[in-house]
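Going by the order they are written in, the chains are A, B, C, D, E, F, G and H; count residues from 1 in each one.
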Amino acid sequence: MDNNEVLILTGSDSDLPKMEEAAKILKEFGVKFEMTISSAHRSPERTEELIEEAKSSGVKVIIVGAGMAAHLAGVIASRFPLPVIGVPLESGTLSGVDAFLSTLQMPPGMPVATMAINGARNAGILAVQILATSNPQLKEKLVAYKKRLAMEVEEKAVSLNKYGNK
Amino acid sequence: MDNNEVLILTGSDSDLPKMEEAAKILKEFGVKFEMTISSAHRSPERTEELIEEAKSSGVKVIIVGAGMAAHLAGVIASRFPLPVIGVPLESGTLSGVDAFLSTLQMPPGMPVATMAINGARNAGILAVQILATSNPQLKEKLVAYKKRLAMEVEEKAVSLNKYGNK
Amino acid sequence: MDNNEVLILTGSDSDLPKMEEAAKILKEFGVKFEMTISSAHRSPERTEELIEEAKSSGVKVIIVGAGMAAHLAGVIASRFPLPVIGVPLESGTLSGVDAFLSTLQMPPGMPVATMAINGARNAGILAVQILATSNPQLKEKLVAYKKRLAMEVEEKAVSLNKYGNK
Amino acid sequence: MDNNEVLILTGSDSDLPKMEEAAKILKEFGVKFEMTISSAHRSPERTEELIEEAKSSGVKVIIVGAGMAAHLAGVIASRFPLPVIGVPLESGTLSGVDAFLSTLQMPPGMPVATMAINGARNAGILAVQILATSNPQLKEKLVAYKKRLAMEVEEKAVSLNKYGNK
Amino acid sequence: MDNNEVLILTGSDSDLPKMEEAAKILKEFGVKFEMTISSAHRSPERTEELIEEAKSSGVKVIIVGAGMAAHLAGVIASRFPLPVIGVPLESGTLSGVDAFLSTLQMPPGMPVATMAINGARNAGILAVQILATSNPQLKEKLVAYKKRLAMEVEEKAVSLNKYGNK
Amino acid sequence: MDNNEVLILTGSDSDLPKMEEAAKILKEFGVKFEMTISSAHRSPERTEELIEEAKSSGVKVIIVGAGMAAHLAGVIASRFPLPVIGVPLESGTLSGVDAFLSTLQMPPGMPVATMAINGARNAGILAVQILATSNPQLKEKLVAYKKRLAMEVEEKAVSLNKYGNK
Amino acid sequence: MDNNEVLILTGSDSDLPKMEEAAKILKEFGVKFEMTISSAHRSPERTEELIEEAKSSGVKVIIVGAGMAAHLAGVIASRFPLPVIGVPLESGTLSGVDAFLSTLQMPPGMPVATMAINGARNAGILAVQILATSNPQLKEKLVAYKKRLAMEVEEKAVSLNKYGNK
Amino acid sequence: MDNNEVLILTGSDSDLPKMEEAAKILKEFGVKFEMTISSAHRSPERTEELIEEAKSSGVKVIIVGAGMAAHLAGVIASRFPLPVIGVPLESGTLSGVDAFLSTLQMPPGMPVATMAINGARNAGILAVQILATSNPQLKEKLVAYKKRLAMEVEEKAVSLNKYGNK
């Protein structure tokens, strides 16, 4: 994990595609990261090793995607002293409600910065925002990113056939 | 934990009174147990040590009470090969819904036998039922317990002033 | 039911495929079982007879799958003194929420060990865990099973193209 | 139960006060009834006996109040061929949501006429309406009852200080 | 509506197919009925006329299917003195939850006998049960119907390949 | 109702205090109104008469407060051609969720402008906003009202002990 | 926006088709309007400019469609003194529940007239009703519209094969 | 706001006490902050001014507490390029469910790091964690804080009367 500032982790390979949006944002902003899988429940030792590795190699933010009981972000938050971002993933029959309650309702002392259900892109942006608190270049890029989003709305509004009854 | 067959665990001392009902049942049925606290998030090392101790000392069932994100039962289920019973506890503003979804919606491979919200007494009874699968005396006691419950209903029905319009 | 340690029961034949996962696990672990159908509401007599048969033939655990109002596990728990495992099945329009509340919220005295919605595989594993409390061979198999799950995660992690921006 | 047309049943004596509203309505309309307790889970034999007694003695409607998993109405509906009215009672932490889903979501073939949470009074009225389908005097009383409700609204509206800004 | 004992009403023609199950049951039991549409909101006058017609022509039970805000059953219950059965229909994005709360949570004085979401068949059976309280032949048919349901379960159980590991 | 522009209606006198906030706003803005009670279910004729009276006397907006199944606003919307504002009131055990779904989920053709649970004050403001679309003085008052709200926040912020760690 | 009485706004072009129903109604009633996009979060400046433009050009009602966190209607209500109608749109995994709570639960002082999920047609009708409070011709059209809806129900009822068992 | 690294903002003074837990943590960790109020809806201009002030004075993290529709965190996230932490506050009748959905379900591009309902303490800790990504001293303090939490659990476990049946 040398030189990586962000670790993206998810409990199973089937959830990786949902987390790609976070990876895309980090690439777009030039943030070094690694993305791998480990389950809170099926591979607890591997999960612990990854946390230790992240701690010793200078990872600053861990992004975690998980569905259903979604304990992974909490397990990591219990051992990692820096920000943990949780992305509740839709899985099973409950539309992701189980996952976001498991991710959100952490007890005092162990925050998980929770995103919308399937909100991997925002997880990537929040990680960039966190790094930008000490990186003026990233901050400028974020300001530019916000402007681009606003401009895209303007452009779409213009390109639309004006609806109206004139 | 020597000779104890059941370990009752809860994440904080404030939840212990809610778990007393489980302890009462175990005493009533003459099952040896220990009851202590450890948090999945605040004391992850202690939690692991307790699991290792339980494994080596012959504990057969672990009963876990937890509220809110309620990861404790899942964390234990990930490392303990025998039955884990989860009691979702009411805590915070969501009436225990967060706790039971976190306890119930475990992924394939790691069951947690989930009880009703605040259902500590039933956790005790299920632990006895599990031990009774190889203990004919406990099984007889369970049969007697069921009969007593039925008789209590009958007695109450008799003692009630018969409601009716005769 | 002679020699069977587990009975798998579901309310209708349309639910049987969802319960196959439980059967598969029991086969994998070499646990003898029988699987049949009986409805709490449409065939109450048959349900009672099956419970009596299970009691007299030495069945140690009953796994019950049911959807919607899902009373079957509770009805069995009211008459069977050993562990009853309930699998709430998705059916109708409510994503299984009706079924898990009906299965989970049992009153004091009559526990049903509730699994995740459609969690038949975990029901099978819990049944094995219960039998393993008095069967060292099954316990060893469970330890091995847990290791295999962890190894599968490791192998998948290796086989994945390492995501990252090096 | 001789000559009683309605049986009011609830799972525990603590729920009886909530069911008094049903009894009051039946008295008001001059319908003969009996009110007693029996639990679906703790006293299944007693419950069956009561159903058999109700069947042989000419009871035409059974009103059932139950909380939490609330299987009692369904268990009765599975054995009683005439109308069963279910009153989900608030109990535990879920505001009665568990009870009404357990009462409402009955499978095809076994209806339970479900009332609002704690809606015992309406259960009494529905029982009267059912009997009134073959009893013109009861029907007249129901028409009068409806008129009285409307008149009470009128009277209250008059007695109120007219709010307004004249 | 002459000679009809039951009126089936739904708010729009698109909901009629869902209500066919009720009609089928009534035909099967030989109960005379009529089925038509009228909206609580779009055609309030027609709805009132239908209620008046039902009252004067001897209809004994009205079955109402409605989705979303689902006021139709309540509107009818406010003017019809005999039993009103409500079938909440799935419609829109909320899986029928809006419809069953609107149907179920009637205030004291105006019961609606609420069925499961889309539970039209049970509405038909409940209507038959209500008529059977004064019709011994219908009651016998209901007893036979219950037996047939139980026998169907038995037959299916036999015809299934016995699952098991012998 | 002569000269009144707004009618405030609620189903029972016990709900009137919750609706006082709407009356207060109307008084504050100098809008003439009348406030009375009528139930959709208990007094349907009175409700219809009130609607007819409102139509003929020039009422422009009807504000309706109702709890539980909360059909009153919909019933009025089905007969009144101008804006109907619905205030779902908390009542019973479901925190007002039943009331707002019954008020909100109106079918196409019959809107009810739904407010927050117990949101009577906003109902008053919306009524003023509606009248202000053709009344410049009211519009000015609304602009002033918005400014006052903003100033109150500023004043409170100043009067607060500045929290901070200087 | 000159001469337009209504502005229809939605947060993204992908939501425009859902809002077409509102536009259709306004055209049908001959109300002048404009329809465009602006996001509360991605283009806050554009949103403010549109509000200012609407204020100065005489727009009387703003209809807002938004999904998920759905802040757009509230943001507009905070700055626009006349009626704001909110249409919660289904988007993401939560069936529109997130959107309607964000739209409905506005604090005292800032009402948003909330419609059903995806209820764009009713938003159009409510806008017409609001304008009709000072426009007798529009009011007549609304009365005619209501009659047409009722007649359509009658016609459908006639054209249906009378269901029944004669 | 000079030299402050964190701004704590809440919509009304009545919510300030709930946010004190965040302030306490920041003081404990020696992080400079300011705490004030501004409403998204009642004082939108003040809110914008505070954001501009925060941007120009070097604030790195904004913590926002809000209840009900809870748009404040989203409004700030739309204009502030660095991390925004949202604390959904319990308010009204929905236990904070409205507030957390409004805070959590932000659209792509505008993350809000959402905490548990009333989770102000965790908001403070997350703010410290964010600053600690570029401040080794803060990071050490966080490691020490985690140890202290673990030790407190150990101490409580020891001080408890060992529950058990020896």
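We take it that a contact is a pair of C-beta atoms (placed from the backbone, for glycine too) under 8 Å apart; a residue touches a chain by one contact, two chains touch by 3 or more.
Treat the numbers as computed from the prediction; the structure is a model and nothing was measured.
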Field: Higher-contact pair (C-beta pairs counted), B-C versus B-H
entry: B-C
Inter-chain centre distance, chain F versus chain G - centres from mean C-alpha coordinates, in Å: 18
Query: Approximately how many whole Å separate the CA-defined centres of chain E and chain G?
result: 35
Query: How far is the middle of chain C from the middle of chain G, if each middle is the mean of its Cα atoms, in Å?
result: 49
- request: Provide the C-alpha centroid distance between chain A and chain D, rounded to the nearest whole angstrom.
  value: 52
- request: Hunt down the residues of chain F that sit against at least two other chains at once, touch-wise.
  value: 39, 42, 44, 68-69, 92, 94-95, 97, 104-107, 109-110, 116-117, 146, 149
Field: Interchain pairs in contact, sorted by label
entry: A-B, A-C, A-G, A-H, B-C, B-D, B-H, C-D, C-E, D-E, D-F, E-F, E-G, F-G, F-H, G-H
Field: Interface residues, chain B side, partner chain A - complex
entry: 11, 39-42, 44, 68-71, 74-75, 77-79, 92, 94, 97-98, 101-107, 109-110
- request: Name, in rising order, each residue of chain F that touches chain H in their complex.
  value: 90, 95-97, 116-118, 146, 149-150, 152-154, 156-157, 160, 162-166
Task: Using the touch definition up top, name the residues of chain A that touch chain H in the complex.
output: 21, 60-61, 81-83, 85, 100, 104-111, 113-117, 119, 121-123, 125-126, 129-135, 139, 142-143, 145-146, 149
Message: For the complex, give me every residue of chain G touching chain A.
response: 4, 8, 12-13, 16, 23, 26-27, 31-39, 42-46, 68-69, 92-95
